[in-house]
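Letters A, B, C and D mark the chains as written, and numbering starts fresh at 1 in each.
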Amino acid sequence: MISGGALTAVSTWMGGKLTWLYQLSKAGKLCVPAMNVNDSVTKQKFDNLYCCRESILDGLKRTTDVMFGGKQVVVCGYGEVGKGCCAALKALGAIVYITEIDPICALQACMDGFRVVKLNEVIRQVDVVITCTGNKNVVTREHLDRMKNSCIVCNMGHSNTEIDVTSLRTPELTWERVRSQVDHVIWPDGKRVVLLAEGRLLNLSCSTVPTFVLSITATTQALALIELYNAPEGRYKQDVYLLPKKMDEYVASLHLPSFDAHLTELTDDQAKYLGLNKNGPFKPNYYR
Amino acid sequence: MISGGALTAVSTWMGGKLTWLYQLSKAGKLCVPAMNVNDSVTKQKFDNLYCCRESILDGLKRTTDVMFGGKQVVVCGYGEVGKGCCAALKALGAIVYITEIDPICALQACMDGFRVVKLNEVIRQVDVVITCTGNKNVVTREHLDRMKNSCIVCNMGHSNTEIDVTSLRTPELTWERVRSQVDHVIWPDGKRVVLLAEGRLLNLSCSTVPTFVLSITATTQALALIELYNAPEGRYKQDVYLLPKKMDEYVASLHLPSFDAHLTELTDDQAKYLGLNKNGPFKPNYYR
Amino acid sequence: MISGGALTAVSTWMGGKLTWLYQLSKAGKLCVPAMNVNDSVTKQKFDNLYCCRESILDGLKRTTDVMFGGKQVVVCGYGEVGKGCCAALKALGAIVYITEIDPICALQACMDGFRVVKLNEVIRQVDVVITCTGNKNVVTREHLDRMKNSCIVCNMGHSNTEIDVTSLRTPELTWERVRSQVDHVIWPDGKRVVLLAEGRLLNLSCSTVPTFVLSITATTQALALIELYNAPEGRYKQDVYLLPKKMDEYVASLHLPSFDAHLTELTDDQAKYLGLNKNGPFKPNYYR
Amino acid sequence: MISGGALTAVSTWMGGKLTWLYQLSKAGKLCVPAMNVNDSVTKQKFDNLYCCRESILDGLKRTTDVMFGGKQVVVCGYGEVGKGCCAALKALGAIVYITEIDPICALQACMDGFRVVKLNEVIRQVDVVITCTGNKNVVTREHLDRMKNSCIVCNMGHSNTEIDVTSLRTPELTWERVRSQVDHVIWPDGKRVVLLAEGRLLNLSCSTVPTFVLSITATTQALALIELYNAPEGRYKQDVYLLPKKMDEYVASLHLPSFDAHLTELTDDQAKYLGLNKNGPFKPNYYR
């Protein structure tokens, strides 16, 4: 049993904290075991992919009433959050472009029907710019200068660093608050860029998080804490761990009844054939 | 450097072999290092998800000319192959049901808009049954007995064990070969079940594999062999390894020009912020 | 030239008025020419199909914060409004059932991947009920009695007659206003039904109408009035007319630049081959 | 009752014949009544939209084994056939551009998430060119000269006039038949264009027509002939008529049981409210 201070990390809300946890661990400065709950499958898929698929639409509508059909949108980053945003926008008739640094995600974007471009190639023509990278200064002042009038800019990634908002706090630009969470930044020639939530997270600032997603994430965190607390001495050292697959599966199974979903059980013979326990875990730990 | 006998495994074609490799390793009987190429991201996504999304349609059309619109289909298994099949069939207007043993995959199916059922709940009403489980005896004689007339049954998973075809080789049933790879199995009351490829893999037997997918998979395998061959003594022991992330990314990057996709490069500042090398790898090894 | 009183009708906001106009005309009591702008292609597609595809999501989110993924939804009516609602909900992972009276629309629903059912077949299991019929008493007290706890009920069709809200104003039911436009109607056993906008139009009461759609509809109406006003004596009698195709096309062409869309022009040779004027109209009047 | 010679027209197979019928009628040279079955809703939607949504994929796969994911495709014409082709290709991960002459169809393409371009804007970059216009010389020798190596060209529209195939029968180009229905046309610099079915209809030449669609179309034609035959003297003059709505609905209702679809019936009260007969027709004649 571990006493005191067990940590769990959830990146949508703790962002850079996760990297920081791994850095502490590498430096040998982590003084308690920690669980990286953020990278469990249920957290990744439900909090990021499925939740953002809905909150990108909700956040944009509540702030700008924009119509999605026919709009040209560039999404920076095609991780889980980016994939969710793109799926929703494409389904509602937007034309979506992707920027990516990772060739695997870029190739997935191609297969999903999106053109992969550098931001500069499309910045003059798009109606909406959305960042989902976890990075900083993805949208720079130079990009903002080149956007067309009425372009909407927002951040679905992490923290408030993805759009270089500081670069917009200069004397030649006028800020006009047109609604809660919505600023018009006005260039000397009259061009307006519509900045949402001052570059902070759109999904947390301008849309709601469904109770279902909160339930998934909270359950995952609670189970991680219980596991750390109950684990026999020595199971966890002063390091960062992924949530054991079996707990990840348990979180999911607790939420199936909401959808009246009926799981199939393995027969003894099938379990033996697959080399699995009938109660799981059903997949290797690296499976997503 | 390793001499001789380096193994690489690709599951679409080697199926159970992969489990067997891990079993050998566990038993201490693996006499060379092996790379589990099958579970690299490029293999998983491109060979399984994206390729099967197309070959399920192709395989069904070439063998049966079935119209997808309005058809009720049950897909057993919602892993990468199942996800690909379901996405394609849903897009073309089929109504798709899922069976799953794994609660995480089941919950994903719910989020993607599919009802998760036990096979018995829908077996009397569906027009098509597709297995993608990697398991055996998923479709049993009892299920086959309950299918409606003209129901199409096929396997996209692995090997030829998913449908219990042996149980159909009994005197009271008549087999009629109506076309290459297509058998009508006829019950005494005249009911016909349309069995494709005698339960072997539909995507390999009845559709083609696009050269793009072959290129991805072959590149991954070749790189794995080169890595095993070139690795300094001691890097790989007599165990099963995942392909290093960086190679996985390299495979992807080699295929981006076919789509005229343009990667974004990290600035020095951004790379430092993310704690990444500008040339990758960009994601932790467990990322999919 | 016609003096005074020219009428134009737009059904999303005038609903039954349109039927009434045709009835007046049949009865010989229409005293001025009228244009049925509602049934022009641009009005039908943009105000109904494309606008409702977005406002159903917006209206539901703003009032209930419901997550769409995995939800079971029944949509009553598969006309343009129903088609729009269903496309959006399906894309976001809802499982959608349709009720229809018209076999052509029902068959389209099948082809689009929806099960066509009677309301009673699914009323106990669905999470959301949406009416888009133009009819009255589509959702009756009997249906409301059988809904499960927390079921959301709303109207996207016309007027406030589609849900029999009057039947809920009885002593044994308690109404609780939980938010603007959101009532919980509470049964004696504690079951709550979530009624939106007291059965009035969700898209007008609880979501916004994009300026693009307003522009389309207003342009159509303005052109109809100009045409009626400018038409030579005798072109229009005391009857109900559809907007001439050419004007419908003109409305569309005025809105193409917002999307940077580039029309192709017919060559003389092609125009001759098709028997068309190079400037349109390009389709017969009944084309949608 | 009409004796002899009643005509029905079905455009997928009779294409230009339909225009010709209207021209005959205009010129007063039509000597029998004719029904334009092609423009009935069931024919338009099922034979064109829903059938082509499947046959474009089938035709391309059987002839070229092309992978759709990530491919850039231009579809000329966004009528019912074009809409079907685009929906299918988009769903399978292709990036689709549209060319259109009609602003209404062009605006629909925008709303559905496609960029509307002139053919010249994208001809150098696309992997596949598909014509669905009903027009002639839509793809000219000049376009063919500018296509990139391996570009696939095919026709889903009508007749064999949409692609100017004649212009490719010149001495400097070499034709190589690589498979039934597939020609490589080779430019002096080695560039190959992949021409399918020599520019004839891909869906008829290289894919199959599902029995369901044949049944819809044949039923429509048969009913039209029966109606012309049985109609009381004087109902039909020597002109071209659309199929009465009620018959269109009847065709649809005959096909609902294949999908286990259950129609809802109007109550007397509802029928009265809507001013409809409980047995239909349920929509005005111009409704699609």
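In this section, a contact is a pair of C-beta atoms (placed from the backbone, for glycine too) under 8 Å apart; a residue touches a chain by one contact, two chains touch by 3 or more.
To keep track of the chains, here are their UniProt names: A, B, C, D = S-adenosylhomocysteine hydrolase-like protein 1 isoform X2.
Just so we're clear, the structure is a prediction, and the values are computed from it rather than from any experiment.
Undergrad: Can you tell me which chain lies farthest from chain D, using the average of the Cα atoms as each chain's centre?
TA: With centres defined by C-alpha atoms, farthest from chain D sits A.
Undergrad: Hey, how far is the Cα centre of chain A from the one of chain C, in Å?
TA: Their C-alpha centroids are separated by 35 Å.
Undergrad: Would you mind pulling out the distance in Å between where the CA atoms of chain C average out and where those of chain D do?
TA: 27
Undergrad: Can you give the whole-Å distance between the Cα centres of chain A and chain D?
TA: It comes to 42 Å between the two C-alpha centres.
Undergrad: Chain D: which residues touch two or more other chains?
TA: 50, 69-70, 92-93, 110-111, 115, 259-260
Undergrad: So that we know how the chains sit together, what is the shape of their touch graph: line, ring, star, complete or other?
TA: Contact map by chain: complete.
Undergrad: Help me check something: in the complex, which residues belonging to chain C touch chain D?
TA: Answer in residue numbers: 19, 23, 39, 41-42, 45-46, 50, 99-104, 106-111, 115-119, 121, 134-138, 242, 248-250, 252-253, 255-256, 259-267, 269-270, 273-275, 280, 282-288.
Undergrad: Which positions of chain B touch chain D when the two form their complex?
TA: Going through chain B, the ones touching chain D are 50-51, 53-54, 57-58, 61-62, 65-70, 72, 87-88, 91-93, 125, 207-208, 210-213, 258-260.
Undergrad: Provide the residue numbers of chain B that touch chain C in the complex, in ascending order.
TA: So the residues of chain B touching chain C come out as 69-70, 90, 92-95, 110-115.
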